[in-house]
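This is the structure I have questions about; it appears just below.
Naming follows writing order (A, B, C and D), and every chain is counted from residue 1.
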Amino acid sequence: MTDPHAPALRHGYFGPQGTFTQMALASWLTADDATLAAARPFGTVALALDAVRAGEVDRVMVPIENSVEGGVSATLDALNSDDPLVIQGEVLVPITFVLAAPRGTDRAAIRGVGSHSHAWPQVRGWMAANLPSASYVPTLSTAAAAEALAGLGEKRPPYEAAVCAPMAAEVFGLEVLADDIGDNRSAVTRFVVVSRPGTVPPPSGADKTTVVIYQHDDHPGGLLELLEQFAARGINMTRLESRPTGQAMGSYCFSIDFEGHVADERVGETLMGLRRVCADVRFLGSYRRADGRPVEATRTTTDEAYADARAWLQSLRD
Amino acid sequence: MTDPHAPALRHGYFGPQGTFTQMALASWLTADDATLAAARPFGTVALALDAVRAGEVDRVMVPIENSVEGGVSATLDALNSDDPLVIQGEVLVPITFVLAAPRGTDRAAIRGVGSHSHAWPQVRGWMAANLPSASYVPTLSTAAAAEALAGLGEKRPPYEAAVCAPMAAEVFGLEVLADDIGDNRSAVTRFVVVSRPGTVPPPSGADKTTVVIYQHDDHPGGLLELLEQFAARGINMTRLESRPTGQAMGSYCFSIDFEGHVADERVGETLMGLRRVCADVRFLGSYRRADGRPVEATRTTTDEAYADARAWLQSLRD
Amino acid sequence: MTDPHAPALRHGYFGPQGTFTQMALASWLTADDATLAAARPFGTVALALDAVRAGEVDRVMVPIENSVEGGVSATLDALNSDDPLVIQGEVLVPITFVLAAPRGTDRAAIRGVGSHSHAWPQVRGWMAANLPSASYVPTLSTAAAAEALAGLGEKRPPYEAAVCAPMAAEVFGLEVLADDIGDNRSAVTRFVVVSRPGTVPPPSGADKTTVVIYQHDDHPGGLLELLEQFAARGINMTRLESRPTGQAMGSYCFSIDFEGHVADERVGETLMGLRRVCADVRFLGSYRRADGRPVEATRTTTDEAYADARAWLQSLRD
Amino acid sequence: MTDPHAPALRHGYFGPQGTFTQMALASWLTADDATLAAARPFGTVALALDAVRAGEVDRVMVPIENSVEGGVSATLDALNSDDPLVIQGEVLVPITFVLAAPRGTDRAAIRGVGSHSHAWPQVRGWMAANLPSASYVPTLSTAAAAEALAGLGEKRPPYEAAVCAPMAAEVFGLEVLADDIGDNRSAVTRFVVVSRPGTVPPPSGADKTTVVIYQHDDHPGGLLELLEQFAARGINMTRLESRPTGQAMGSYCFSIDFEGHVADERVGETLMGLRRVCADVRFLGSYRRADGRPVEATRTTTDEAYADARAWLQSLRD
């Protein structure tokens, strides 16, 4: 059995310090302050995942899905290219934004606001109401927007304030000009812990599995056929996203989360079905749900139902 | 490996002599005249099947499906009740009817015509054109109609001519008044050889499997779900008939033939799926198709595709 | 609006007197004794339906489905050939069998028992227990078996007792030797009233529709596609039977009952879908359910939902 | 009939000058140089769409889908919020990137490179091989990255070179240091012309329709049911993307392109079906495909097939 919190593992995250991703890692490591302190920040999701592939760190925390902005394309695509990686677990973090600036900044003086392109749409309403004339300046992360304002960089950034996590304002010594400015107070981001393939976390009864599926060709009804592989085994999908394969306009693969663990009979049979009917299937891990909600298998889809059916089939074949 | 023509086996058939069923048995036993001569006729399909169950004979030939009249309910129901039986093989026999009567019978004197209720609708057109005033008298089989005319019975039957197989006219010494009187010249009946469960004939590459399926309850879309078990594995059905369960009006089970052999991976998985989602599944055998047409599995449904998928799944689980 | 009980209509039924079918007609006509008395019996279902086609009678009652024996092939096939006919209504009749014989008959003297081939399997258990040595003699109907014993025919029939409805014993003056001998005490037969096409009974909120469907060709998954036409509109099937088309072994059409009335929006759209994707669709009528159970349309399948959707579509197109 | 190229219409685009979007607009307006010259650039997609909603311009060109980077979330979400908008047409533009800098810039001096976050992943391979130590600086658009280098802004940007369209280098007087640096030489971006609702372009025989669909609740198999609405009418989807509704993690709507025009019978019935079974359907327009490829309707899905089916249904109802 694997221990997802084993302290000897070297961790990384999509940084710098003060990102929501670092908060997710803190949550994942619970009270293991030493490991958290030793965790390495990476400037982009791709760099973080490459560091795992290269063996520089054992695990990295990256964002994968936001309840307002949707799937994080950079993560989905980076997980799905190059050497295989697998998800070891997930963390949900409520998202709270603040408007932060160097101490003494006057709100009236703010002409530009820096933030990540995923964050900006989430505060658009507040900005329109409170800083309607401020222009948006994209940055690599919400924390990077704050960091640049802290005067640590060589150049002054082309904006006067940042939209970032409360933690980033604190880390970089900024003043919070406005608190909790997100338009959607229930915004949540889902983060995943990624490692090289190896041991899969054991079934917990409340698991998810993530795969990427490539169709053989783009024939009508192709997606319907794929979904029937799930339906015929009573498997419930919790996320489906199309991502371009890059081959041609209109050529897509599907990134899918579904309930259950690769060790479950019904999940195994579904994966076998996908493997047979698809051009390719990339397995991205089975792991415990962050909300711990048990998967409800109907009486027809339990491991017991499969064992009974297998024994019956064996009796017919003998 | 089993030998379906093993001469030591005791055979029976739905008789008397002269039925199409006896012709089917002759075809099945090819040139094994001794076994054919020793085969026992049974007056009804139910009696024939009971004799197999009781061990009085090893195999019986019974009709199961006619291209004009459809499924033979008596056979479908008798196969599906009491102790299990399995189908070992099938035979297709072209159906040709004659009008037969004791030598010297004048057509003008025919007021009643005896035949089996499955045969009568198949000659209705000829009768309307040639003997419009003759009334129909049902009999237990087409051969029984001929036999009674032969004067072997104690009583004279309430008809003057019989609609039966050419063989029956010959066996019972009747004169053929009209030849090939079936309205549909391409009529064919399918017969099956039934035994107690035991060895299943080995896969031949051109096999069929027969099952009877009971749904858990009669919910909307229930049949659709069952059919998806076949569709998700690329299995082609060749016959689907509903039969009442006898529980209540509208309560049906389904008798289904489909392509493939219980030893095939895709058939095994389909059977397991049916076993899980149905209230009951009765396996009635895997056997070679009479027409010898090979089953075409697509690249996604071959045993090789399953072996590859299973190996891949195992690699994920390890 | 049509009145299904209009007294001026000439009625017929699958006879002779004393059949369960006559009982069904009595139930349909309620207290209209004059019309019942004037109703004409026909010796076979085919003759009864032909008499409607020829205009000799306006409506005939025929059996279509038995809870023990299944669909009545003769009726299904005769409805589905020649000139169109439609179903105007249905009646459910509990089936109770008696063993009847001429007064004074000793049970020990019974060597043969006459009855219809649909009735015999329903008393097989009682016969095996009480008259194990009696042989079965098929007759055209249960009432015909009784009629022949009454000595009205020229010849004595080749049996001593009949299995028939209590009404037949009474009509033909026979003695009931044993009462209620059916193996399944809850056996029910469903009868339908058939007319030439013309007015359809108005929607009652508790209606059924009957169709026969021919597929374009016998491709894998063909049936699944047909059923999806129902599923996509939330329509519940209550009966599905395959019947051979007579073209070739394995060539079937499907006789289907489903909930709803041709005037319902969702039924109309389903019928249009079937018409488009099938080689042929034969409409056999919309009529009130015998049990009067209202059809439950979900909020997405009511006429109101269709009207809303149509208005919305119109707004898009304008 | 509407004229999509009517010169009197006021146009806008996601700018500034030099973006691929401006190139798309030039392609759409063909030789109408005056209208192109008068077209207004908008700094973000949301601003461009809001300008249409407010009536400041009649039509705007915005990017919606890239063959490498996938759907443009900003566009999908902005189309799907606030007042309704519809798509009038689409344009496909091959994407070619250059590395541009102020004249005389030495490649060795490049430490930072500015570009839009959708462009950067498309040149990642070239950058890793040729400028491995350069850091990425996000900008609002590829053209904005070039514009800032042109010295038009007050501040010098925090990078020395831009990844942009050849047109942007030309517009802003930059030197092209490297040509055609995209990793995928066949990259294409799809742009759409958006207006307020009003007239729909007439059917051309080569049309697409775009909708956004909200499920009633997130039940298992829900997506399968939606897709069956398309399958039952033989409709082929060309794009399916999930977008969060913002209500909660895991709550998604689906943005779908499919073949056919709202005026087609089969499309109308599909839209009605979606309207009935979904919580909400947002119609985003029917318009001619950029590639002009005719939609192939099978014989069962043509307007003629629908007209025949409707006439038949009417005959049943009368």
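Following the convention adopted for this analysis, a contact is a pair of C-beta atoms (placed from the backbone, for glycine too) under 8 Å apart; a residue touches a chain by one contact, two chains touch by 3 or more.
The structure displayed is predicted, hence computed values, not measured ones.
Separation of chain B from chain D in touch steps, taking the shortest path, is 2.
Rounded to whole angstrom, the centroid-to-centroid distance between chain C and chain D, based on C-alpha atoms, equals 59 Å. Chain centres here are Cα averages; for chain B and chain C they lie 25 Å apart.
Multi-chain contact residues of chain B (touching two or more other chains): 228, 231. Taken pair by pair, the chains that touch are A-B, A-D, B-C, C-D.
Residues 43-44, 46, 65-71, 73-74, 77, 92, 117, 121, 124, 135-140, 153, 155-158, 184, 186-188, 190, 220-221, 223-224, 227-228, 231, 234-244, 246-252 of chain B touch chain C in their complex.
The touching residues of chain C, counted against chain D in their complex, run 200, 228-229, 231-233, 262-263, 268-269, 271-273, 275-277, 283, 300-301, 305-306, 308-310, 312-313, 316-317.
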